[in-house]
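Presented below are the structures under discussion, each in the form of structure tokens.
First chain A sits with chain B, and in the next complex the same chain sits with chain C.
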Partner chain A sequence: MVASRRTPWVALRRAVGPLLWLLGLLVPILLNGSWISIMAIFAIYAMVALSQDIVLGRAGMYDMGHAVYFGVGAYVTAILNTQFGWPIFVTWPVAIVAAALIGALLSAPIVKLRGDYLLVATIGFNIIFVLALGNNVANLTGGPDGIFGVGVPHLFGWALSSQGTLFYLDWLALAAVLLLMRNLERSRIGRVFRYLKEDELAATTLGVNARNYKILAFAIGAGIAGAAGTLFAVQLASVSPGSFVFTESVTLFAIVLVGGQASIPGVLLGTALMFVVPQVFRGLAQYRYFAFGIAMIVVMVLRPQGIWPRGRAR
Partner chain B sequence: MDVVLQQFINGVTVGGFYALIALGYTMVYGVLKLINFAHGDLCILAAFIGLSVLTSGIGGANAGALLLAAAFIVAAVAIGIAGAVLEFTAYRPLRKAHRLSAVVSALGASMLIENGIMLIWSPEVKVFPSNLLPDISWKMGTASISFVQVMIILGSLILMAGLYFYVHHTRFGTAIRASAIDQDAARLMGINVNRVIASVFVLGPALGAVGGLFVGLYYREAYFNMGWIYGLNAFIAAIIGGIGNIPGAMLGGLLLGLFNAFAAGYVSSSWQEAITFALLIAILLVRPTGILGERVAEKI
Partner chain C sequence: MTPPAGGTPLLALDGVGISFGGLRAVDDLTFSVAPGEIKGLIGPNGAGKTTVFNMITGVYEPTDGRIHFAGEDITGRPPHRVAGSGILRTFQTIRLFAGMTVLENVLAGQHLRTRQTWWQSLLATPAQRREEAELVDRTMTTLERLDLATVAHETATSLPYGMQRRVELARTLVADPKLLILDEPAAGLNDKESSALNETIRSIRDSGITILLVEHDMNVVMNVTDSIVVINFGKKIAEGGPAEIQSDPAVIEAYLGQDDEEAIA
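Let's turn to the complex of A and B:
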């Protein structure tokens, strides 16, 4: 009886997400150019924030250097496209694999560190990464100015050059990441991540290889961030070290905590608060981070679990 | 040989203010297991407050030494109060929450202070006038030590010795150490742990304020977002010495200062931060508890 009364309500709640996504398809038709690009940027950062959530909110590792993997994806696409003339869609899988590999390689030695030490090590990676980009490593990264002139993606001879078509590309990619997150949540891997987060000791006694799964969490998170990096390079037609600095990692970290760990609506809401709301108050730009600082404290004090915490496990 | 001596002097100077700032991180981490990300920004806020006092012209042209002392006292008191306010508003309500909530609160506080500085003192680099300190230096062979270096080295040594004495030889210092080891047991022994935590949030930032003003006087500039990098370096110093360990932070600061001074001679300056962080990661991998070991009980 209880179940039958609740079913329509639950079904409606589950339909809200997909409906909002479908509504998003109307953005290029209904809104003007600047809002189309704001929503495109939102979709890209939502992907990065969701990937940060895999490492931080789901596997429970304090990763404060996630902008590195976002940057790897963006730079791989920019370098391959501008210097070697590869089409964007060919660079995309390379960017994803490169970011995932770097995620695995960087995390392999440090996943044994607990909590705060891991956090500090990942900050170190981020700072070294940005310095390397700025110092024009191997004459590929273009130094402090970065790389300009990233081309537009072509699909079957059709150039995705308008803001609207790029938005659809980003919006589709976001849908793919959301589906992946949903599947991850229901999969064995997702459950192992959660188990490791809740009680690593218990998980290892049940035969979970903690180290391998932690590296896997980093690799998956980094791969998704790398995929978003490609889209970011295309959206701005350029990349520069400033987009991947340590404070960007802090913002991503805060999005997950402010929104709600391991909560998809929470992370999306957090991304919207950090990247869309400021656009509404652009006249007050200089107060933006001042207000963010206050907001972060207030949200944490009032809702330590985040604005939209994860619901009970179904 | 003189080059080595000069680098040593420079290294000890830089190490002095790193150590002073590191003490705030390590004391807070000791009692709360919280990385107070706002600490670096508090210290740099002190540099701005100190600069405003020094350039206020109060006391006329002959105020010299008195004005300098006033700048340090005003900065230390103001930042000590700011630390206590921060603890009370941003951290205390989260004492029982998930520890990452407090970390985000600290990050928020850091953003708030950094951008507060920007709104008050403008985003431009503030230059410390050259006439704030006597322009004296003493020659030692071809190496030399300037007035500001002597002031920083002596000042940080005195403050560190004072803190060491306070923490190890007074009743309240014992209470601080007891709270760092086991808060519940300390509470059962009749220690007012809330007061200990509040005092740590006054002492740490007040010492850091002196460190921050040293940074400004030494490099003769201050800009609103420099708290991050000096904070991170000081935090690395705390980890090198063993976070949670007060003498460790002093040792770590001096070692990091010397490391930076000597590494700078051999590596291009554009990579200098990178080697500091590479050193940090190497230490974390080899000996995560730092040189003097961590005095933080691991909870299982």
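Let's turn to the complex of A and C:
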């Protein structure tokens, strides 16, 4: 932005993120197979959590059905790949567009609702979505067991089949999402989302079409979640309704609140606490939700702005 | 400076009224604002002044009457479209975007002239970055004009009250309004700040912006307005220049008849 505040300290702080990302590139070289997949899953969930943050942390809408868009991305890829033989790199953009469209369509009738009412409506979407998947809609979704045998992506005839190459794909996709988030911060739509969150009436009297921008927030958030969903289907080589149930949405919601709304490092930290830390304490992995539950309570009471809140100026 | 009689008004309310349930908050209100004028809207507490503003800016839809602005019927238009036609407003209780800097707050006023599309926003294209830089430059110019440049990067809601008022004003001014609606701009200001406000309001008018203001501070009302509309219980009871209004028996009664609220200056 304007001059000033470009001190060396700020420059250093700005370099931390990219450095950590570069460090992540060493994961497949230095760590064993299970860690590679843990970090791949982290990258995927980080994308979903960041997309949840666009709707919840930035635009201020209590979306507690975000797993739907993650699931749409995963199922679109799984169906197109297993039933119609489309390559992953073709299903991917289709999955993104499909998720974004569904995000726009589902949100259009509810964005005018006040926070708590919108929250209940999004839970409704999530429940219906999972029910539909389990009932084998149009004979495509495979019922409660889901779909197996999702193929690996091919790039110029080269199969990205090893855990390491898949990790790099996920890690690159995360970088792309992080760039989008950074751009959002420095753009009209990023600001408008926050205006709407802080004071919708003031924003509309300055010319903001609240409805359109709220739908846009949902569509962008859903599109990114859909992109992550495709990677998720590829990572697991399968999809099933259980990955996209309402409690997954609750977890995503909590990651944003616990980590720090509209804070990129906060959301990443929240995702790591939820998906990586439990793996470090293997024997305690079954206490994952217990530990995160405690964290949710403690953070909300003692530090309601989140563990790593948004910085004041950028 | 009385506007030329018979000229086309910039804003015209014609028989405007609104009811909330059984309560008739504003009834058959007709007045107009000429281009380049500073018009005051006054009345005892609860007279319906803010309701009138809310109807003009589209926050409420009137149940009766029409509102015309710059020759167009804007009755019932949603607030964002009213803003688009050139009517910007401030609020009686300051409404800044909490947790955002002064610069980010005032950038909101540039929303309508921003051209970047959503995908340019996401991809940070060169054109988008150029536009952002221009928006910041233009915003900084306005901040300098209102003596806010030094706090551009401070959190707006942490500033002293008088400054927050100026931030809100700056946010409307960067939008280049045709009509600026000020809802009690002097509320909460000390004497010095309210005198400075008089100057600011006049300089805004001199830059070509028409002003409609609600104000309780008679120092402001009597010193800056060209003409005044007085309402009580949602009805117009008087209209005229500041001097006429001060000696109007109906106005005096409306104010003094109330349990010793502020007497007219």
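Heads up, the rule we're going with is that the second predicted complex is superposed on the first by the 306 of 314 C-alpha atoms of A that agree within 3 Å, B and C clash if a C-alpha of one lies under 4 Å from a C-alpha of the other, contacts with A are read in each partner's own complex, and residues count from 1 in each chain.
Please note the rule applied: a residue touches a chain if its C-beta (ideal position, glycine included) is under 8 Å from a C-beta of that chain, and two chains touch if they have at least 3 such contacts.
This structure is a prediction, so every number in the text was calculated from the model and none was measured.
Participant: Once the structures are superposed on A, label A:307 by its partner contacts, choosing first (chain B), second (chain C), both or neither.
Facilitator: Neither partner.
Participant: After superposition on the shared chain, which partner residues are touched by A:31: those of chain B (first), chain C (second), both, or neither?
Facilitator: A:31: touches no partner chain.
Participant: A:202 in the overlay: touching chain B, chain C, both, or neither? Say first, second, both or neither.
Facilitator: The second partner, chain C, only.
Participant: Examine A:175 and indicate which partner it touches, taking first as chain B and second as chain C; both and neither are also allowed.
Facilitator: neither
Participant: Quick check on the superposed pair: does A:210 touch chain B, chain C, both, or neither? Answer first, second, both or neither.
Facilitator: A:210 sits against chain C, while chain B stays out of touch.
Participant: On the A-aligned overlay, A:189 touches which partner chain: chain B = first, chain C = second, or both, or neither?
Facilitator: It touches chain C, and chain B stays clear.
Participant: Using the superposition on chain A described above, determine whether A:135 touches chain B (first), chain C (second), both, or neither.
Facilitator: Touch status of A:135: first partner only.
Participant: So which one touches more of the residues on chain A, chain B or chain C?
Facilitator: B
Participant: For A:257 in the superposed arrangement: first (chain B), second (chain C), both or neither?
Facilitator: Only chain B is touched by A:257; chain C is not.
Participant: Pick out the shared contact residues on chain A: the ones touching chain B in one complex and chain C in the other.
Facilitator: 201
Participant: Touching chain A in the complex: which residues of chain C?
Facilitator: It is residues 57, 59, 78-80, 82-84, 88-89, 91, 95-101, 103-104, 107-109, 111-112, 114, 116, 118, 120-124, 128-129, 132, 136, 140, 152-153, 155, 171-172, 175 of chain C that touch chain A.
Participant: Which of the residues in chain A come into contact with chain B in the complex?
Facilitator: The contact residues of chain A facing chain B are 62, 109-110, 113, 115-117, 119-121, 123-125, 127-128, 131-132, 134-135, 201, 246-247, 250, 253-254, 257-258, 261, 286-287, 289-290, 292-297, 300-301, 304-305.
Participant: Tell me, which parts of chain A touch chain C in their complex?
Facilitator: Residues of chain A touching chain C: 1-2, 4-5, 180, 183-184, 186-192, 194-195, 198-199, 201-210, 216, 220, 310, 312-313.
Participant: Please output the residues of chain B touching chain A within their complex, sorted ascending.
Facilitator: 29, 33, 35, 89-90, 93-94, 97-105, 107-116, 118-119, 228, 232, 235-236, 239, 243, 270-271, 273-274, 277-278, 280-281, 284-285, 288, 300
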